[in-house]
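Chain lettering (A, B, C, D, E and F) follows the sequence in which the chains are written, and residue indices restart at 1 in each chain.
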Amino acid sequence: MQKIKQLMIEGKKAVESFTIMNELVLPNDTNTFGNLMGGRLMYWMDIAAGIAAGKHCNTPSMTVSVDNISFKNPIKIGNVVHIEAYVCRAFNTSMEIYLKVWGEDLLHQYKYESNEAFFTFVALDPNGKPRLVPPVIPETESEIKLFDGSLRRRQLRLILSGKMKPDDASELKAFFTK
Amino acid sequence: MQKIKQLMIEGKKAVESFTIMNELVLPNDTNTFGNLMGGRLMYWMDIAAGIAAGKHCNTPSMTVSVDNISFKNPIKIGNVVHIEAYVCRAFNTSMEIYLKVWGEDLLHQYKYESNEAFFTFVALDPNGKPRLVPPVIPETESEIKLFDGSLRRRQLRLILSGKMKPDDASELKAFFTK
Amino acid sequence: MQKIKQLMIEGKKAVESFTIMNELVLPNDTNTFGNLMGGRLMYWMDIAAGIAAGKHCNTPSMTVSVDNISFKNPIKIGNVVHIEAYVCRAFNTSMEIYLKVWGEDLLHQYKYESNEAFFTFVALDPNGKPRLVPPVIPETESEIKLFDGSLRRRQLRLILSGKMKPDDASELKAFFTK
Amino acid sequence: MQKIKQLMIEGKKAVESFTIMNELVLPNDTNTFGNLMGGRLMYWMDIAAGIAAGKHCNTPSMTVSVDNISFKNPIKIGNVVHIEAYVCRAFNTSMEIYLKVWGEDLLHQYKYESNEAFFTFVALDPNGKPRLVPPVIPETESEIKLFDGSLRRRQLRLILSGKMKPDDASELKAFFTK
Amino acid sequence: MQKIKQLMIEGKKAVESFTIMNELVLPNDTNTFGNLMGGRLMYWMDIAAGIAAGKHCNTPSMTVSVDNISFKNPIKIGNVVHIEAYVCRAFNTSMEIYLKVWGEDLLHQYKYESNEAFFTFVALDPNGKPRLVPPVIPETESEIKLFDGSLRRRQLRLILSGKMKPDDASELKAFFTK
Amino acid sequence: MQKIKQLMIEGKKAVESFTIMNELVLPNDTNTFGNLMGGRLMYWMDIAAGIAAGKHCNTPSMTVSVDNISFKNPIKIGNVVHIEAYVCRAFNTSMEIYLKVWGEDLLHQYKYESNEAFFTFVALDPNGKPRLVPPVIPETESEIKLFDGSLRRRQLRLILSGKMKPDDASELKAFFTK
């Protein structure tokens, strides 16, 4: 039944939702050490993810979940935040968006990783109810890898939000017990 | 050796870092449906978590990770965002902060869950290097439950950020294979 | 007549509108000495007062006056602003909200008074016209004291805005001539 | 002694600190009825008062008190906020700034009063300690009237902040008992 | 035909749209050298120009072009931005607004030029279509000078946006070949 | 002499400073018609230009001029602003940055031109004085075309800011009299 619905909407390439965002870290974005605050960064990431989601589904959409984010390096005041985002897989009415974030110190020509993240958005019809989105067609090796790992991340998401029992997460169990 | 260090700092009750934050959802915080954007909410949650962390460790601190967040109900424009946060466990130089977020429609006297989340902050010395924080002393039933689940969440965090192998996550493995 | 109207609406305890707000002082909130600007603080106080008013009357409401505020200590950048607010008395369609504001330096574990203030809000019906609000039921000693002093503050407010003649302010005259 | 100090600094005309500010009311400045929020207006008033204070004393300065403000008419979204401010009297290290605020609906060519207010600022030396400011020289009838009423407002301020006993407020007592 | 239309609307004096704006340069408005960012200044200039346009045409209006701006002196953090604006000429449905911007260092009593600029706004009817605006009546010498130079600036604008051929710009040609 | 200086710094390809920025138009960015305000757009363009300048010169830099901008289509609320920028030519210590701006309505899959602009930034040494920047190496046809037109734009800039006499602008004269 689910497959039938999906067939009714033509797939869309992952690259079609690819979104780039660059922001400058200003004083109010930073803590007392002059480092970008995590909350400010997540605000920008959410905007970037929302634009990518909009490019994919061409309807309004809304954040429904954010996966574990680990911030590797602090981003300093005056540095540039570079965000890349695209929809890596769709599940009926929801889209999983992959984000990669770097900091860049233009003065020292030094670019460093901040984090990788997965945001999930749901597409909305004019009444604010979930609506079907096109399936994602991955093409490159990295797109395919993210597409394939998506089921496992989704199971983890459902377990962590109490919507699935650990025992039913076959993909995830295999990951922990292999 | 690590245990010895911990002993040198007196523990602090979980309730001592308890922080309440109320915010009003204004037009610029919302999407086209008049719902609070996820990124704006995470910005406020990060501030609340940072204040709770500061109350616990009394030094500057910085977000190092955010666990999976699942947004249950959209928060509407004009509604109040109610955030509660406290440090539920400490690990040497890092603190796990538990947050619970509600929306409140004052006109309809209707209060609804938004999400529960765990942010991890690291305490910093005057040179910006990690420094020891007091251990947390949980007292109530819910504080003790969060304290006890902390190790498992930490293992998941380390695995997801590539710092631990699934095989070494004994706490987590038990959870998935029980 | 006024009493009759009041009787038609059930009273509400002062504590039911009790609101706590915590904010972090960021660079853009401060002057050249790194002290929180008075205007930024009043912006937050107005939001806190508005939430307390909304909790009491469960209708939209609007600031109509702000009583004399005296700022005792500057609040420094990086410190926390802690605001507590509740409706201390109602007059037909208007509510007097009491606010108490502290600054808190988490690094030095030092909490200091900023100010106490009284904001007055009016409740609005769907057409934006004033509408009746529930009377306030004070319970604790401090709630009762604020409730009792409310008439005197109201007379001062009316005189200062030119709506009452000093001679008619019996409560206030007693205060100055006792 | 106080008079001697004052003589050491040359007086400055009230008009020299005269400051005009115009702002446009944007969506985020308004409540659910599209009216400018009181807190946002006070934020702008504080900036205008601070600029007027700076023009008078040519040193950094800081808000120390705000007198009773009564908002007469709501200012609508898309309207212009027009603020005029000047220092109407100085007391050693502090300045009383008079503000007058109008709303203006440019589409309907309709200008309406919002409020009149008095902010008090203290001048600061490079160490953040209060420092002497020039006395104010009022010239026009309205400047002289504000200058003359300043002592009475100051006594009220001192009483309301608990720094003066009602009995000692000779100016104010005369006002209430005449 | 065009002249006939113009005659139907009564002219308005240039001074009637005169607008003054003062803003304080806060940390987030500045770059790493503590100088006001050009984009932030243009944001304020656009608001000031929009208020002047609204005062002239009393209808909604919208920025359609900005002429060459040359920033003469950086404006420092803590300094005041002083903007003056008025409509210097109207062309059927569009208005040319002249702006003059100074920085002011209140501590050193030093006022310095930032730039002069011309913004063009178009007046809109309730459907968002262009609508006629009153002609401008210049009175002072400087108003007349700006009024007279307006045709030449308009030709340059049309050429630079590709709407006029250089050969047809008689006013402008005379300027370059005289 | 100038040529010698230029030789001392290795050239940099135009593409190396290429910068993409995507922003979402939120309520506070718009006028009463729900169209993005020109000033807000120029704020974002200035940030994008500043990032491109920083990528080219790897030193702090500052806006010194903005060329004539003509806004072709209004950008609606909820739409995406897409900005592309790169340094198209350098003159000793200054850089001319070319910007192209589109609006994008994701719901209607409709992308439309907003404007093309040229911002000029100057590179700064640690004392805030102008410092040499690398020459630009254009490669593609469009990069070469912009590079070649740069002298003419610069002459216009100098004339409009009063730093060059129309008679000395040989490039520009040829343009108007050909």
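One rule holds for everything that comes next: a residue touches a chain if its C-beta (ideal position, glycine included) is under 8 Å from a C-beta of that chain, and two chains touch if they have at least 3 such contacts.
Because the structure is predicted, anything quoted here is derived from the model rather than measured.
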Those chains which touch chain E and also touch chain D: C, F
Both-way neighbours, i.e. chains that touch chain E and touch chain C: A, D
Remotest chain, chain A as reference, centres from CA atoms: D
Interface sides of chain A and chain F: same vs different residues, half threshold: same
Chain at maximum distance from chain E, centres defined as averaged CA atoms: B
Geometric centre distance via CA averages, chain E-chain B, whole Å: 50
Whole-Å gap between the CA centroids of chain B and chain D: 43
Junction residues of chain F - those touching two or more other chains: 27-28, 31-32, 47, 50, 60, 78
Listing of all chain pairs that touch each other, if any do: A-B, A-C, A-E, A-F, B-C, B-D, B-F, C-D, C-E, D-E, D-F, E-F
Residue ranges of chain F in contact with chain A within the complex: 19-24, 47-48, 50-51, 54-55, 58-60, 78, 80, 106-109
Interfacial residue positions of chain A with respect to chain E in the complex: 26-28, 77-78
Partner chain B, residues of chain A touching it in the complex: 31-33, 35, 37-40, 42-47, 50, 60, 62-71, 74, 119, 124, 128, 156-157, 160-161, 166, 169, 172-173, 175-178
Of all residues in chain A, those that touch chain C in their complex: 27-28, 30-32
